[in-house]
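Shared between the two complexes below is subunit A, which pairs with subunit B and subunit C, respectively.
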Partner chain A sequence: MKKAVVWIAFTFGLPAILISLWWIVTAISPNFFFPNPGEILVPFFETWFGPRLWLDVLPSILRFGVGVVIAMVLGVVIGVVVGLNRDLRSLTEPTFEFFRALPAPVLIPPLLLLIGPNDAMKIFIIALASIWPVLLNTVEGVRAADSVQNETSRSYGIQGFRRVRFQVLPGAAPQIMAGIRQCLPIGLILMVISEMFNTTAGLGFAIIQFQRTFAIPEMWSGILVLGLLGYGVAVVFRIFERRILRWYHGLKDLENAS
Partner chain B sequence: MLPDASAPLNTVSHGRTLPPEETLLSVRGLQKIYETDGGPIEAVRDLTFDLGKNELTCLVGPSGSGKTTLLKCIAGLLAPTSGEVVLDGKKVTSPPKKMAVVFQEYGRSLFPWLRVAENVELPLRNAGMPKDERSRLVAEALDNVGLSHVPKSYPWQLSGGMQQRVAIARAIAYQPEVLLMDEPFAAVDAQTRADLEDLVRKVRKELGISVLFVTHDIDESVYLGNRVIMLSSSPTIVQEDLIVDLPDERDQLETRSMQRFTELRHHVYEQIQLAKKGFRPDDAVAQSRG
Partner chain C sequence: MTTAPPADGHTVTTTVAIARARTRQRSYRPRRAILGATGILIVLLAWEGVSRSGIADARYLPPPTEVIPRLFQVLTIGDFWIAVGQTLGAWALGLGIALVLATVLGVVIGLSPFLRRFTNSTVEFLRPVPSVALIPLAVLLFGLRIEASLLLIVYAAFWQIFIQVLYGVADVDTVAMATGRSYGFSKWQRIRDIVFPTALPYLMTGLRLAAAVALILAITAQLIIGTPGLGAEILKAQNGGQYSTMYALLLATGFLGILINTGARVLERATLSWHQSVRGEAVQ
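Moving on, here comes the complex of A and B:
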């Protein structure tokens, strides 16, 4: 019982304080463009739990999901191939670093011209932006495979694709998961930005539209939806990560305890 | 029995070779030179010896005497610069199926993402062995090393000695003819080490495999081996090849308090001290010739 109270206090304590502050600030100095939390609550449900759910929210989530999954799969596959080959590594490294450093949103205008204002373009830009952390982390994880583990595999005839499956991938998994953790918020950012150009649907589009039509509480409620979406993605990731890397967390806990 | 009344030691100052029918593993003129940025480094100069069937031979030498290099060449993990290793009449160019290696760094050799039984099973799974047979071999191997009770633990949840037992179980489940062990007990405490030494003797006897055991511990080499090959300092050659004529039944207390054990230990210790000072049998030969 006491434990539950403490958990609730820790989890919801800071959000409660922030919302209270928000309420006080908006009560002291009302501002048309910054409504109080109560004013956002009703539009939040009215706006997003209606037709907009499947017209704007779900398509956005779908594009995000497809883009990010493409990034993860390609990132890991290319990362393993490059990570295992020293020559390929030195050949690709500068190029990869260049693309990683390039802010992906600047590619939207040219891609609009090349691909067009459609789903394919949005998924492409999401995947393109979020592949780099996965790819570079996979390369690093594969490259740093433990030398004794490598020799163990070799001495037991574990080679080629089976070595990748039995040793290289599991060994690099902590680093790969770190890359995936970084790629998710990037994908979410590109999801929103890609919907702010030349489109007629999606979460990003809806927020811009509300702003232009002075539907201020609706605009803020859209931002709330995005925040919750990002939070939800992080929670789902955490559950998967804990499951896949159970051994790793156990090992680390043990090392930290001693 | 007084020391000077004891039998002479059965030792020669080169590696012993055996007739082909008794030989399991042959090392012939093995040389390994590492090419480094600072120029070539000759780790192993010229090693020749045979390992017989059903033999437990210890390789002992001062630190930095190329023991690990030699073992990796034998295991097919490292290509020798010249000379060859022959297992069962076939030249070793890559890790042979009939050989298993137990590494010193058990913590890094076992895969931390696999449970104990899965670690033991992996080489068999990789070889495409059917599930039933795999399970049977894994259970037998774990039973052999006294770890039947922890198949579902992760290796890192176990003590160092138990982890090395898992590595030994993995090696014997692989059903090798030769087991190569690279200073396997250097990182475990003394009591655990004594248990593991007896385990190796027991497993070797029961399964009838040959063991080549690399160690820097002189007591361990005499206690474990039927034969001790002493290596010179680097660049390595065989300094001496000594038959350990202790009774086959070894016991940590009885064997270690035998007069003969002390003599053998004394002799090996002297030779290793000589090796550390840079004495080499080839120098002696050269001098007597010159």
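Moving on, here comes the complex of A and C:
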């Protein structure tokens, strides 16, 4: 019982303090740009749980999901193929480094010209931007495979797909998950800003629209929706990672304990 | 030449193995460079092919034989370098502010178990908020001024560094801290001589990640809000229909990114030359 109280105090203490502080400051000196938290909460429900949920929120999340899943699958597949072959690695390295270093948002203007402002372009840019962390981390994880494991596989005649499935992929999994963790925020950034060029729907479009029409509480509620989305993505990733790397965390705990 | 005794702790076998690995690596180096150049050439040829054959509209995707000369032309224009300066200026200022804030807050919060627990839920909630969500707010508050870019850059870069500093401070050896305390180290001495060296590798990792993210946000702010810099120039070229200039600027932005990534890696190696992770890499 006491434990639960302490947990609640620690978890909700600071957020409660910050929100009340915000409330008090905006109550003492009202500011047009900073409405008080209550004023944000009302449009939060009114705006986002009506037709906008189907028009803006869900399509955005769907595009993000499809783009990021494409990036993960292609990133791991290409990463394994490239990582297993030293010549292929040398061949692709400078090119991959360039694309990783290129800030992906600059690709939006040319893609708007080449594909047009449609869903395909948005999914493409999300996938294109978020593939690099996954791909390069997979290459690195596969390259750094344990040489004892490699030689054990060879002596037992484990080759081809079975070697990839049972030795290479599990060995590289911690590094691959690190890549996926890096790619999610990038995908989210591209989801939002791809909706800020020549479009009429989506979360990114909606918050810019509210800002341009000076619908300040609605704009703040949009920021809150994006924040919750980011948080949700992080939580889903953590559950996913725990499951996939259960053996790895277990191993780590054992090592730390000894 | 007399044979030197094997280096400290190494048996003769490992010394030989290391030497063999080194020669193997050295003989592979020219092949690696040639392959890398071939890779770039293949991409350029594919681009040229797609553009010339009409698979993509050549107006919207000019071939590299047009874009690369254009890039060299752009490099001679003063306005281009002003834009590069504005981009790098916003990037450096934002990264600097984030670095100072994140290091100070990270050390203060990381050293206190109470503060760490107290701020945990707030940090976990605020950290994944995509900083581009703040674009409308930045526009309202600052318009086209550089502060609009800074708000986005600082927010994005701060969390990358802050989290790493927290990890780093948590990694500090409790025995070392206790030893410091028994030898009468002041709080400041303990932070400088025990906490800082332990957290430095983490801090540098955070800084490297933050440097890349800060560039993305600097360019994004320029593209979307229109704060001056390379992003705004790219948009201007697109709106003006100067497509080869747009692609030339895009290439230039990529090179800027490579410069920043390489710089961050060099800095990481230089500041951590004493650290196991860097020393260990030389021998493989």
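In the analysis below, the second predicted complex is superposed on the first by the 258 of 258 C-alpha atoms of A that agree within 3 Å, B and C clash if a C-alpha of one lies under 4 Å from a C-alpha of the other, contacts with A are read in each partner's own complex, and residues count from 1 in each chain.
To be clear about the criterion, a contact is a pair of C-beta atoms (placed from the backbone, for glycine too) under 8 Å apart; a residue touches a chain by one contact, two chains touch by 3 or more.
All values reported here derive from a predicted model rather than from experimental measurement.
In the overlay built on the shared chain, the residue A:Ile223 is in contact with subunit C alone; subunit B does not reach it. Shared-chain residue A:Leu254: touches subunit B; no touch with subunit C. Between subunit B and subunit C, it is C that contacts the larger number of residues in subunit A.
Contacts of A:Pro185 after superposition on the shared chain: subunit C is touched, whereas subunit B is not. Of the two partner chains, subunit B is the only one that A:Ala173 touches; subunit C does not reach it. Contacts of A:Ile123 after superposition on the shared chain: neither subunit B nor subunit C is touched. By the document's definition of touching, of the two partners only subunit B reaches A:Tyr156; subunit C does not.
Put simply, subunit A uses no single residue to touch subunit B in one complex and subunit C in the other.
The touching residues of subunit A, when paired with subunit C in their complex, are 10-15, 18, 33, 86-87, 90-95, 97-110, 112-114, 182, 185-186, 188-189, 192-193, 196, 204, 207-208, 210-211, 216, 219, 222-223, 226-227, 229-231, 233-234. Against subunit B, in their complex, subunit A makes its touches with residues 146-149, 151-152, 154-158, 162, 166-167, 170-171, 173, 247-248, 250-251, 254. On the side of subunit C, the complex with subunit A involves touching residues 28, 31-32, 35-40, 42-43, 56-57, 60-61, 117-122, 124-137, 139-141, 209, 212, 215-216, 218-220, 223-224, 230-231, 234-235, 238, 243, 246-247, 249-250, 253-255, 257-258, 260-261. In the complex of the two chains, the subunit B residues touching subunit A come out as 72, 75-77, 94-95, 97, 99-101, 103, 105, 108-109, 111-114, 122-123, 125-127, 154, 156-157, 170, 174.
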